[in-house]
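A, B, C, D, E and F label the chains in the order they appear, each numbered from 1.
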Amino acid sequence: MINVLVLSQHSPFDDMHIRDALDMTLIFAAIEQNISWLFTGPAVLALKKGQHTDPLGLKNYFKSIKTLEIYDVENIYVCEKSLVDFNLAKSDLLINVNVLDFAAQSKLIATQHQVVNL
Amino acid sequence: MSTLHIFSKPISYYATERLANLIQEHDSVLLVGDACYSTYLYRQFSSDLLFLAEDALARGLTINESDNALNYADFVALTLSTSQSITW
Amino acid sequence: MARFVLSIHCAPSDHDTTQRLVKFAHACLAQGHTIDAIFLYQQGVFHASQHLNLASDELAISALWQTLYEKKINLMLCVTAAEKRGLDITKKGIFSIAGLAEFAMLASDADKWVQFK
Amino acid sequence: MINVLVLSQHSPFDDMHIRDALDMTLIFAAIEQNISWLFTGPAVLALKKGQHTDPLGLKNYFKSIKTLEIYDVENIYVCEKSLVDFNLAKSDLLINVNVLDFAAQSKLIATQHQVVNL
Amino acid sequence: MARFVLSIHCAPSDHDTTQRLVKFAHACLAQGHTIDAIFLYQQGVFHASQHLNLASDELAISALWQTLYEKKINLMLCVTAAEKRGLDITKKGIFSIAGLAEFAMLASDADKWVQFK
Amino acid sequence: MSTLHIFSKPISYYATERLANLIQEHDSVLLVGDACYSTYLYRQFSSDLLFLAEDALARGLTINESDNALNYADFVALTLSTSQSITW
């Protein structure tokens, strides 16, 4: 089992970036690697509660984010500074996450075998 | 002679300093898509921000009565009441 | 009544921008304006692909372009941009193949050009 | 004849952005519109002298930029602040350009019928 | 000797990144390392297009992929990414169709995964 | 345990503040492609910048003897001497 970190930095509907990252995270969980997913910058907005993009015709992938735990993806990390930048509190988020300062993010990266930025 | 500036992403996607200098006081700034998440960060571009109501609502934002929330008919009208548009 | 041209610059994987362009176009027509052309440029050329295969809970991109075609809007695919990016221009469906010059002439005659990206 | 402004903001080999802008500029010149091209941010690097990307296999579009004048494209504008940011002087550039401060850029934009950001 | 996987995330219109990936791959092999796969993901799927039509003074993208294929590198095209983006997966040429799981397994076994974007 | 950070665009493309905080002193920073135009702007990420020689030369930059200019063999070796790479 290796440690794999998926990095997300794009805003929720910037192309399919977050959805590609979600797929990658779920696949590594499915093949039983130790997967982590780190949200930084505008990507933290993908964890925001109360979004309903179905009226726009856009796939509501927030539902899948909510089911990450069921698929044994427990290592969801969020950049503390980015939450502040977007005025979000932990209670504004869809799921329970680990909020990390920069030092903790660096440490997380250092313990990985592979890091993929999507 | 005013310009319509259209933004579709959070402000960190753009060259903020350069744009703050380019956008004129009488210009219009319209936020669509993912730019609606953080309208307040766009205040440095304009004191009178416009945004697309349905894009903001889909993203879980509440619209206040004082907000300049537009529908698509307004968006079209806005492109006609300004001299030219730039999609940044 | 005004004459518009629109252009799309993002790939069809950008569903959000795509739905916005389509809604804007219909709103133009609803107000009695004319859309002389929608131009597919840069990564936007891939909207003319005949091989988009999306799940039913995804934005129905091909169906949306069909609604614009049915309103008799000229959906112009930039041939040089398409060739450089690997789109099969022999299967163009409802899109018409055009050079940059054809679009530039329409854009010069239009009252407004709005980009979607 | 209408005034059309092409805006470039991307770095020289970021996808085909600058080349798309070059094509657009040349076409509007060919159909005899009053075309202007404004370089801001990393796009100013596309005007830098002494670049030879042919060894990398990349098309040397700098040659075409040098021939803009022949095609009657005379309104080439460059953001003053961006030149400073990238440590470039007017003499470092391939062609003769008009260097504009922000106020002059805003004025340029205001006089256009169409602006296209590529 | 190490085992690599590489992935490409940009469209074939990004010539600079493309030439860099190809050179990196050949340098890996020259040092005796193995490349278990090159994965086409996100906009990178369009590299598998059979319709790239470039002028002779452009980067010869198809020929570059051919040089990697001749070195027996597995050029894997992500099928779901391709379908969502409109690539014709029935004409795959030298690329093999793969799911994300197949690639993830190779990436888990590899010593290094280097992304090109 | 050091990370290789790879950049291919001028620094204005990136979230500079966030990255300056993330990149550790013992990490390696490699500039390729259009990042080579403005290597000096990257000093905030590392005092010991590496760059791809042929990408810098193609862009008309001069390489000094004190520079850490790499060829592709060095690039491959660098990915092996670091624990993991991130292409930003």
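Note that in this section a contact is a pair of C-beta atoms (placed from the backbone, for glycine too) under 8 Å apart; a residue touches a chain by one contact, two chains touch by 3 or more.
These numbers were taken from a predicted model, which means no experiment stands behind them.
Note on connectivity: the fewest chain-to-chain touch steps from chain A to chain C number 1. Any chain touching chain C that also touches chain E appears here: A, D. Chain E and chain F, compared by their mean Cα positions, are separated by 23 Å. Centre-to-centre separation between chain B and chain E, using Cα means, comes to 39 Å.
Here the CA centre of chain B is 26 Å from the CA centre of chain D. Counting only residues that touch two or more partner chains, chain C has 11, 13, 16, 42, 58, 84, 112-113, 115, 117. Residue positions of chain F touching 2 or more other chains: 12, 15, 33-34, 55, 84-87.
Residue positions of chain A with contacts to 2 or more other chains are 13-16, 41, 56, 58, 114, 117. In summary, the structure contains touching chain pairs A-B, A-C, A-E, A-F, B-C, B-D, C-D, C-E, D-E, D-F, E-F.
Residues 2, 4, 15-17, 20, 23-24, 27-28, 30-31, 33, 114, 116-118 of chain A touch chain E in their complex. On chain C, the positions that touch chain D within their shared complex are 7, 9, 41-42, 80-81, 84, 100-101, 104-105, 107-108, 110, 112-113, 115, 117. Contact residues on chain F toward chain A in their complex (touch as defined above): 1-3, 15, 18, 21-24, 83-88.
The touching residues of chain C, when paired with chain E in their complex, are 11-13, 42-43, 46-47, 49-54, 58, 83-89. Contact residues on chain E toward chain F in their complex (touch as defined above): 2, 4, 16-17, 20, 23-24, 26-28, 30-31, 33, 111-117.
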